[in-house]
């Protein structure tokens, strides 16, 4: 089983510890992006995973490639060219102070990629699953078209297709998102979303829930999943449920909706080390668990535990392996030293 | 509107993270001091702020000047001369282990400054507010005299005058503090204090409160403010109310007493990144809010939120801007990522 | 009063902060090991303490010696020779992600030491207490024999002897441990253990307690101590009681059993900075308190407070002095800044 | 006397020490750019200096502003807006391995600035000197037009105007450079160049010199200066003469051509700490010395010594003051400790 | 063309900068070893390269794998198992102070590997070149036997075989080396050595040369190569010629002996950043150049330039690409900034 | 044989690498001072060495004690008390930019020490050598008196006494130095000086030598030694001869004058890592060599080699052992890797 993910990988520049940007004299330089994060997590779970993208030929582009190769992701389908790598600056929040993200991703190599850059039949030759997020088609109209080409091809070749809605208001309006995503969703089997995405992209609202209050309403999310599922004939809908108590403490859980039934995971209170990539690690957990043939209750526990653990790891990538996730699934979240 | 603050800025030497002094091979080198911290916070709020002090001509003195210029504080009234810059060593505590401060500030340039070093009429020419703390007059008898000159001049020129009592037992005894501060207070409009200062400096005790137990008694603090207010004919008295659960967790709130009425802020549970300068950021919040003409309930919420956020920032300086403070005032302390 | 401890000191290689091993480009290099940690803590309490071991002649061996000399531990009985220093790699966990320890201690200088390396009568000449842990005899059969020689000699010279069971499943089986430790225990006065050791080494189980659930049963531990005490005619049995809520938060307490009576300490909720060496700091607290003639209730409070504070310190060594421990014993765990 | 400089300031991202890009996990984050570097150096010489540019409103834009304020540069004419700050990545070379620069400056805030962003009469109100480099007009056609507006206004107000040719082949072709610069040069009084610029921009070649061999021909450069001077009726032409022995060692000197006469400076053999900004520090030295009324031989020695010292300083900015430069001018380059 | 290298990769622990071991509180953690270094350099030259070895299953073993994957080395033939990874400690020298290496590689996973761990026909299936060094057979008698199996198989399959003598006195005596290497050399086509190896391993002495004086005698090395070549019927013998002036400065050159003819490279004076792995980068240069069909004079210039540049790079790995090496071959060693 | 040294140990605060003070956000925190440096070097040579001084009771004072204990220096005679530890700030120069030292040592614990703090008969009980420098008596008149007490006592007890003139113009004038040192010198056996001290302290000038030019005149220094020797009836006079080419490169040699004969050492060209403490490491070399009974030519070679090597080590302390020094004495300064 081999998973293909398609999207952007950016240079992530982050001050150390809890420094604000104005205090930083160094930026930790790592690399990440929704679809790349999924590929790395899957490789760490032991699956074959390839990430498809475009990166400049210069050394910083090579650094991004190397950051993936290091974890065993197949990078042979990354096209080299274009002028720049996208960047995001990340300032980590604490207590009541929120984290800040500044994007500088316009005109990145992938955002300026062309249809001819990607040979989908070759890319999908030995693959069983294709994953993308709502960020990829938002990067440019051409990329939206390329994504459509890709999902059609994937479907035609019998791959499972998953999509994480991942709405980004800096990239497009809800109207633009809705129009484009509505064209892509018919080819999607598994839809992944957080508690806000469905409303932003498709206007499907979870009643009686307020993100700012940090209060989530379980029943509302079942309704959201049901509507999504029916509108696009989805096999599964997976929704993450985050309660933000502060930048330092969150509660984390998720729900998997399958064949009219909703399965809720355990809830985890988390001390947060780094929450960027939390949703991506959940998507990887879902893809892994479903690929392995786990049933819905197992799959949602695996994905939630995996992504819970991601919040304890610096950087975008989830660096947990399957046995570590299963230890938490089995109920040991006590953090006792493993000697 | 331009605020003048007057006092000492020190070199702060702090081991990284939670290292004890005996483990440190590096000291983070930043600069701070009560009145300088207020000036920086006000500059970050967009106000004109000047810091008046004395620093040696050597490169370390220049570093202190630069640390203020970086944030846009007017440093043109900092006299250069004297032999040394004051130093404080800070070891950050965690859980039950308290933070440690070692002062080495004796004979600093500002502590040995003379009346002739400061041309108050020129300094106050375009200013609307003068702020000092109880530390400044405690540094030397001459500095106490200079401070008296300054407040008299400020009053004569119609500036608002605020004073943060900021009692430091290493600098003077309660008797010395009481005698000197009693001379200065008649020129003060706004008095700022923490839950211990009023008792230490003026013998005004908040009944039924124990700092070691971490339990605070709200009614007691209204009584303290009332007595302070009446004794010195103050316009406002602002008191911070800290509940120390541990070195890692504090609860934070404050009260503003104005015209016989006490206004209590919301209380914030805080995970602490760095609590040094917390009181100064509160003073800056009070000065800003009152300068902007906010009423008492608004002002105390602004100042408390500003200083709550300071506890999430490394270093003495509060690096939050007005819109960030207002987000917390508006109730969003969930720390969700700002993309 | 002088305490002799005997065992292994290792190079500890730990990624910075919460990095996983695969992310680390630097390893913090410190030194530690159960018996060395006890010696350092006792030296920091102002006692004379000597650590007996064997280390290679090369520079890394010297670094380990220097790490002890720095804190005033007498290192003159450390034999130099052998081929390598033992190593352990430590990855610090957070929230639900546990800390990981990888040992690489085989064939270390001390594990290959011989009887002739240690002149016990000379070593014990001016000593009053001898301390070892269950790790030392587990390192090699020869070392088990040497430890037996040492305890016999210590007993003959009238020293108090303490042993921390410290069961390590990577070093030996419960059967091996039981057989060897049963030979050593008759010479022991004070036995120290955590909530699992007695069961692992001697099959003495605390009923109704589950480490994974983090729930501890006080009565069960009294029973464990009673059995231990009676089987080996011990003067005191001290047991630490850790409740692991997560890798970031633990509750901490302990019990001292003496002459049929069990004394429980206060319980401390802890934010953990570094929990390695927590048990060793407890042992040092017990040795110090009993050496000073404190009664059982005092001793258990001192030792528990000392080891609670250790959890706020990076590295294996407890760097708290007696007055700092006594502040916590006296009830001030609020972590207020000490200026 | 107040100097105005106009151009771009970029975020400089550089691996630590001699790491290659592919090894870097941190980038040192500083800020620099030709004209900003000149402003900082002049401020460090004690002159009033203002830097005119455009930067985004976000925190990274503010960081760039703060990097200048720290050294006392007047930043009040920096317009805030646009989408991004330009970036350059710098990998430091050593021995035979050259330093590498990767630019990512397209569509930066200043490159997309408009005429209306700059109120030149107000900017020049109290100024005596205007400095720009060949980089500014190369950033966009609009910026070329703005620069022309600026030099005309400067000339009309009687300011001295200096230009550092600073040819960048990544920004424009020699043809484009020649056309644009030829329009600007008539308003220039002092032209500054390195040993390659005149040829690249105006086709004026120094005979018998080969940059790759590291051999420079003095007579050739006199001829270059003469031609430049005559073509554009310049008061002074200053040319830096660098002999690159390796990335670690360079020889450094310069020539000032004035009224038909060429004045050569002493030559300095340099161990290089950081050579970026070397030319800018020379320009600042020329501007300072000529502003102070130094004659040509003095001015060229001052500027060469200043820029020689820059090569020993990390970052783009020259952080030497006048007395330090004069010590080297006076012949003391022995580097003995100044106690 | 695909190159297989076989040997040990170790964890390299090195204090930062020029710290001595006793000063280090951090060790930079990288990975390296003669044959792994060759594989990485070849991958950086764009060749397919696989490294064959054995590493423990734990996270540190995985780190070593990742360090190779990052640069695109095929790690699929690395067997996982065994107990530990070999370690070497490196202290970097400067000026007259030599670098120090402490090995702790005994009983590493590869040193305890067995014949059955390696399926040579499969490993060599699509390979064209096999490279090993004298370190591999020195690690254990079993490994010597495995190496013999490998070279026989490689020869049988028609691969080119190269061997870098790489004598290590800590691993075996000259007698042991001579006996084992003499069995392996008949299967070798290309022998690589430094100025000391031939004498140590085979007793072939370069007359009139003294390593301690740093004086090398060119004619002597031709004689050494001739004897080596004739004794083992080698196609090529390549010898590096290092003149050690100090730990900071070396001169570097090399000679290639082919068909009775000696070709000497240019000599490079080097400022040294890190000289570990210098010989390995030379071997990679030889393998690359000969694989590409370069003639002897070209090949020796390429390999010498490549390894000269390695000395400017931190860590064991040579991170230069082919175009960068060719720039130096073409004569540009001036280190001018590449913008 | 045991050596006692007496003086001040300071906290040394130094920016990393070649940062200027104004760039530093961290200061490396080490400890050093002339006499402490000598004690550490002697301990590293394997001699018993005790350092006598006074330090505050706070944690930073303890850090200074620990920095000495780490290397095995006997610190039991360091009196604890006083208010502060002296500080010096060190900015490392490069190429033509000199290193800068800023002292903040006034009113340090040792500078305010009293006669009663030191029990010289007890301190000297088992000692054979007493060493001090011209810095100690310069710290305060009381300290000058204490030093006189010490040398008289040392002489009376038959110890060898050595003095490094170490003139510091920030501490006293030549007149003050001359008067005080003239009282102390009659008790001195071995006088150590650099090329400037004798002139500054006693007006003894080396003809035809100019420090700024970096040119030294050997004959002149013989004359200086002769005069010193005769004026104070010294057994030996040792003078270091530094040629400062730049802050990065120095030539280093020395001369020992004994019984009318001058012995010059070899000269070493040095790449400098850290030159602070160079003279102290020379003094330690002289004391060690003479204590061991080496003759004058041997002693001067040992001391010069030892101090040459110090220049390659970060920090004040010379961390070389005897065998490493002897390797350089024996002529191997090639810096080849020691495996």
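By written order: A, B, C, D, E and F. Residues from 1 in each chain.
Note that in this section a residue touches a chain if its C-beta (ideal position, glycine included) is under 8 Å from a C-beta of that chain, and two chains touch if they have at least 3 such contacts.
Predicted model, so just to flag it, every value in this text is computed and none were measured.
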If a chain touches chain C and chain D alike, it appears here: A, B, E, F
Smallest number of contact steps required from chain D to reach chain E: 1
Superposition rotation for chain A onto chain C, Cα-based, multiple of 5°: 120
CA centroid of chain B to CA centroid of chain E, Å: 62
Centre-to-centre distance between chain F and chain E (centres being mean Cα positions), rounded to whole Å: 44
Interface hub residues of chain F, defined as touching at least two other chains: 17, 20, 22, 25, 66, 71, 100
Pairs of chains satisfying the touch condition: A-B, A-C, A-D, A-E, B-C, B-D, B-F, C-E, C-F, D-E, D-F, E-F
Residues of chain C defined as touching chain E within the complex: 13, 20-22, 24-30, 58-60, 62-63, 66, 83-85, 87, 89, 91, 100, 102, 104, 106-107
In the complex with chain D, residue positions of chain B that touch it: 66-67, 69-72
Interface residues, chain B side, partner chain A - complex: 17, 71, 268, 270-273, 305, 308-309, 311-315, 319-320, 324, 327-328, 331-339
Touching residues (chain side chain A, partner chain B) in the complex: 17-20, 22-23, 93-101, 103, 168-170, 211-212, 214, 244-249, 275-276
